[in-house]
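In the two assemblies presented below, chain A is common to both, partnered first by chain B and then by chain C.
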Partner chain A sequence: MTMPKWFTPAAAICGLMFAASPLLIANAPYESTMGLVQKIFYYHMPAAMTFLISALVCGYASIRYLFGGNPRHDRLGYAAAELTVLFGIIALVTGPLWARKAWGVWWQWDVRLTSSLMGWMVAVAYLLLRKYGGPGSDKLAAGLALFGMANVPFIYISVNYWRTIHPTTSVVPTLPTSMGVPLWFALAAFLLLFVLLLRMRVILEAQRARLDALYLSLDA
Partner chain B sequence: MFARIVWLVLRKDLTVEVRSLEIAYTTLFFAVSCVLVFAFALVQEGRAPEDGAAGILWISIAFAGTLALGRAFERERQSETLRALLLAPSPRPAIYVGKLLGILVLLLAAEVVLLPLVALLFQTNLLAHPFWLAAILLTGTLGFASVGTLFAAMLVRARSRDVLLPVLLYPITVPVIIAGVRATALLAQPEFEVALVRFWTALLVTFDVVFVTLALWTFEPLMTD
Partner chain C sequence: MHNVTHAGRLFVLISMIVVAGATHASPVLGAEQPASPPQQQDEFVPVDQLPPQDQLPAAPLLIAAYAFVLVALFAYVVSVARRLSTVQRELERLESDVKRSGRT
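On to the complex of A and B.
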């Protein structure tokens, strides 16, 4: 398994998009109450979306692996779990930076924040299990991902009834175009980055598996 | 057939436990130590914060439960008895249910001692609605133990399993802890809001149903080499 032909041009486009996005964000109008600090939103929301999509990919791949046993799905799940942690960190760091100015506190035990943190922790637990679990941990990690997926609605409902403050999803479609364009642009850049990294990571795992197989055949 | 195997596994676990009482004593002592540690952390001027008792109760259950789960399966690892169990010509889910019931009995027994102690030490009216309290404790403990039994079973063959069990278990069981703490705290309130208690209990029951089903479904592929 080698890098596909589209990889290099796509990586170049992704780099250009990330280089251009600050310009677009700088030209977007100031939000009336929050001012400059609101601009962190253009990276926060796309990172959070990518985090969510990555977690879904990991869960899907894990279920396929658990019941199918194809190592391709395992590699996809592993790669997606790593990216879930990565994009989760971006969302969880930009969020409090914004919250400090918008809400006056670094952290709120709100439904979205708490559920994101819990989802992120499941992804970290997945990686810890893969790293320190020893042989056979691939299946166990897939089981953990399955439980993590099933857990999402419960975390959401329980924390929602506990307390809530985060703006709801209904805010995004109502944004004016001047704010919407940089947002969707940043989201596209993040998604492209996610696809590229995922592809790269899956190829790396596949090559690692091949190398292991070669070593084993040498011993035999 | 299914029920018989469940019963045999449960009876085996309880017999081993009754002969040594190892898990029962250590778990209970550990739970009491947890209560004390949290009391030192939270009590100010001789009084625990409001709702504190419910939180302390559930944290102690979760911590002590992890200890019991780890030990119950460590026991199965010695002389490879878990492998023997899995080799037996019996449906795998029955083995899971048997182990789950064994853990559940142990934890509920620990709670019976823990509960009056917490109520007494924190002067809360936890026992005002015994029926609801029993329902919350049973459903909450079942939710915690259903995930815990599966994870502890699948970690038996993994390296560093002692560390990994709480690492995997706590993020997944957060909803159980939230629902358990909220519902238990509501019971101690002066005016009893039955609708809210019913909501949290319903959430716990749904959690139990979903996670027991998932565990029965995944126990087979997870325990196969």
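On to the complex of A and C.
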């Protein structure tokens, strides 16, 4: 399994998008109450969205693997779990850096933050299970990923149903164009990066599976 | 009768002294109200009007956030690329070993 033809041009476009996004973000107007620190939002929100999408992909692939048994789906689930941890830690670190200035605290045990932390910990548990769980851990981890996926809608809508210090989901659609353009551009860059990293990671797992098969054939 | 009236006056006088002393000592019972609101209520000021030494600078937080994102993403890309190249090398070595052992 090798890199597809579209990978290199897509990687170049992704690199350019990440190089251009700070310029767009710098030119976006200051938010009236939070000022400069609000600009963390332009990477925080895309990272958080990618974290949720990644958890959904991991859960979907795990369902397919549990009921179909195709190793391709297992590899996809494993790759997505690692990316859930990556984008999750980005969202969980940039959020408190913003909150320290905007809310006056690093962390608040409100429902959005707590459920996000739980979703991230489920992904970490998935990886630990895969690494140290021994034989059969693939199915166990796939079962765990279902809980991670079930947590995603809860994370998303929690701000609309519970009293929380975190802004609601209605903020993003009502942004003015001057703030919306850098945000959607950064989101597109994050999603493209997610697709590229997912592809790389799936290829890595496929190569590892090939390697295991070769070792087995040598032992036989 | 005279004694009773005298005792009653004495009782009223003592009571007034006690009540006056108590109201003077206790701010709860006293009718004295501050002319201006308590000092704590005057302490609430908008964040952007705080003196510079009390304001939390935004730039270090912003720089830390963007630096963390870029370092985390770069480190992950490097990590996956290194793992891929290691597995690729091992695959090539093993495949050549298999071919060699097949020939012999």
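Here is the rule we go by: the second predicted complex is superposed on the first by the 205 of 220 C-alpha atoms of A that agree within 3 Å, B and C clash if a C-alpha of one lies under 4 Å from a C-alpha of the other, contacts with A are read in each partner's own complex, and residues count from 1 in each chain.
As a convention for this text, a contact is a pair of C-beta atoms (placed from the backbone, for glycine too) under 8 Å apart; a residue touches a chain by one contact, two chains touch by 3 or more.
From a predicted model like this one, the values you see are computed outputs, not experimental measurements.
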Worksheet item: Of the partners chain B and chain C, which touch A:146 in the superposed model: first, second, both, neither?
Response: first
Fill in: chain B versus chain C as contact partner of A:155, first or second or both or neither
first
Item to complete: Classify the contacts of A:81 with the two partner chains as first (chain B alone), second (chain C alone), both, or neither.
Response: neither
Discussion item. Applying the document's definition of touch, where does A:55 land relative to chain B and chain C: first, second, both, or neither?
Written reply: neither
Practice prompt. Examine A:193 and indicate which partner it touches, taking first as chain B and second as chain C; both and neither are also allowed.
Written response: second
Response to the item:
In the complex, the residues of chain A that touch chain C are 18, 22, 35-37, 39-40, 43-44, 47, 86, 89-90, 93-94, 97-98, 100-101, 193, 197, 200-201, 203-204, 207-208, 210-211, 214-215, 217-218
Worksheet, complete the sentence: chain A partner, complex, touching residues on chain B are 147, 150-151, 154-155, 157-160, 163-164, 167-168, 171-172, 174-175, 178-179, 182, 199-200, 203, 206-207, 210-211, 214, 218, 221-222, 225
Worksheet entry | Parts of chain C lying in touch with chain A, wherever the complex brings them together | 48, 56, 58-59, 61-62, 64-66, 68-70, 72-73, 76-77, 80-81, 83-84, 87-88, 90-91, 94-95, 97-98, 101
Practice prompt. Name, in rising order, each residue of chain A that touches chain B in their complex.
Written response: 66-67, 118, 121-122, 125, 128-129, 132-134, 136-137, 139-140, 143-144, 146-148, 150-151, 154-155, 157-159, 161-162
